[in-house]
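Chains here go by letter, A, B, C and D, matching the order in which they are written, and residues are numbered from 1 within each.
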Amino acid sequence: MDITLEQAEKIVAAAKTKAKEIDTLMNIAVVDRGVHLVAFARMDGAWLGSLDIAIKKAKTAKLFNINTGDIGALSQPGASLYNIELSNGGLISFPGGVPVKNTAGEIIGAIGVSGSSVENDHAVAEAGSLAL
Amino acid sequence: MDITLEQAEKIVAAAKTKAKEIDTLMNIAVVDRGVHLVAFARMDGAWLGSLDIAIKKAKTAKLFNINTGDIGALSQPGASLYNIELSNGGLISFPGGVPVKNTAGEIIGAIGVSGSSVENDHAVAEAGSLAL
Amino acid sequence: MDITLEQAEKIVAAAKTKAKEIDTLMNIAVVDRGVHLVAFARMDGAWLGSLDIAIKKAKTAKLFNINTGDIGALSQPGASLYNIELSNGGLISFPGGVPVKNTAGEIIGAIGVSGSSVENDHAVAEAGSLAL
Amino acid sequence: MDITLEQAEKIVAAAKTKAKEIDTLMNIAVVDRGVHLVAFARMDGAWLGSLDIAIKKAKTAKLFNINTGDIGALSQPGASLYNIELSNGGLISFPGGVPVKNTAGEIIGAIGVSGSSVENDHAVAEAGSLAL
């Protein structure tokens, strides 16, 4: 099963609601199982540089079926996946990317959020991922 | 004035309505004046290859403030802008990209649509551009 | 409001004056709000490798509305934005990029300077940014 | 001998004067013998997509020490340099790029201009190239 546009839009809407709730301006991207964009929204005034980061976070989360921040722990100097960020056209390994599951628990895509602290980015991504 | 997310979402919604009306499956992208993505939607079952084309059409339309198909007429072999498509990281010069104006007539962004014939792509892009 | 060419040229001129004052040879780039180049100057004898860095510094400063050096503090190993430099086609996260504000205090673009120590690069960028 | 910044700025100024004279809005780029940017100016309201084209025209003109339009005649389907535009990270083979010579007749760089018809682009580039 792949994510539908209706599901992706529900996720983006939930992420926007959470972003406003914590007073942040976010870029929000949702990708499918093949890491291709399904839906995207950039809130007015959000950092322009976060556009690419939001998309890369969503891709990274789906490429490895993992929260992006979990990769960052392994990609530091001396760690086992040092500089893995250079693969796949550029990964983002700090928090803000979260896999999206359907009600059966299968991963059907991922959400990436960027525009604030990594804690806020992750909180908004998680809120989005739980919308289904 | 730059396009707002609310305006971009209105444009995407109008384009989706038109796409369904003419029984097509589209990728729909909206960019701001600086050709950066504001909103995007890929309808379920739409060609995956049209994702990049929709974004490139939106960018091309804003980069030159013109419908993309008008560039194609000038970029043919022997014409004055032959191979201009190789500039700007890749342009798309066939129909489906249309500048977006606000009610004051100022260009504030552009929409790019891909997923069907270029006639259908243009019709959907135009419907989107007229939503404001 | 976007930066005008006249403003950008005033910024480049002020940066050149400062560069000469502290006896350095600089590459100086000014971008608009959409991070597209408006004006550029490379002083005779300035490092060729600093051309790309000056442009990337200007882009980085505008992409996040921040002095580039402030990103570097967050992108180190173990810090929250580790390897963010790989996003957006390549960021520069050491000093020398500064947002440019108009007299109303709105960010209308950014300046990036490269060619000497990062302290000198920043001093020249700041001098440029204060020219309006 | 390589072009100096002072010479490049004189060329940009002459090109701007010509652009205003014929009522056009141009992107103007000057590169050195190594095809690296020395000076650049984008006039207010000029097409954003012409930024990359102006730089590519200047590079193309210096890469082959030729007016860019002369390459276009050879790069058409069936001609000897078919699709040469794909080399060097992207060439532009229509008019608007012109080599720049010093008073001794040596090529010291090139100017590239984009923003109007190819005839106007070439006229402005030529006016710039004759400023020394």
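Heads up, the rule we're going with is that a residue touches a chain if its C-beta (ideal position, glycine included) is under 8 Å from a C-beta of that chain, and two chains touch if they have at least 3 such contacts.
These numbers were taken from a predicted model, which means no experiment stands behind them.
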Third chains touching both chain D and chain C
B
Just grab the chain with the largest centre-to-centre distance to chain D, centres being mean Cα coordinates.
A
Go ahead and note the Å separation of the Cα centroids belonging to chain A and chain B.
25
Chain-centre distance (mean CA atoms) for chain B and chain C, in whole Å, is 32
Note: chain C sits from chain A at a C-alpha centroid distance in Å of 29
In angstrom, rounded to a whole number, how far apart do the mean CA points of chain A and chain D lie?
42
Multi-chain contacts in chain C: which residues touch at least two other chains?
34-36
What kind of graph do the touching chains make: line, ring, star, complete, other?
other
Taking the touch rule as given, give the residues of chain D at its contact with chain B in the complex, in rising order.
47-50, 52-53, 56, 72, 75-77, 83, 85-86, 90-94, 117-118
Name, in rising order, each residue of chain A that touches chain B in their complex.
4-6, 8-9, 34, 36-44, 48, 51
Mind pulling up the chain C residues that touch chain B in the complex?
32-36
For a test of understanding, state which residues of chain B touch chain D in their complex under the given definition.
34-35, 60, 62-65, 77-78, 80-84, 86-89, 91
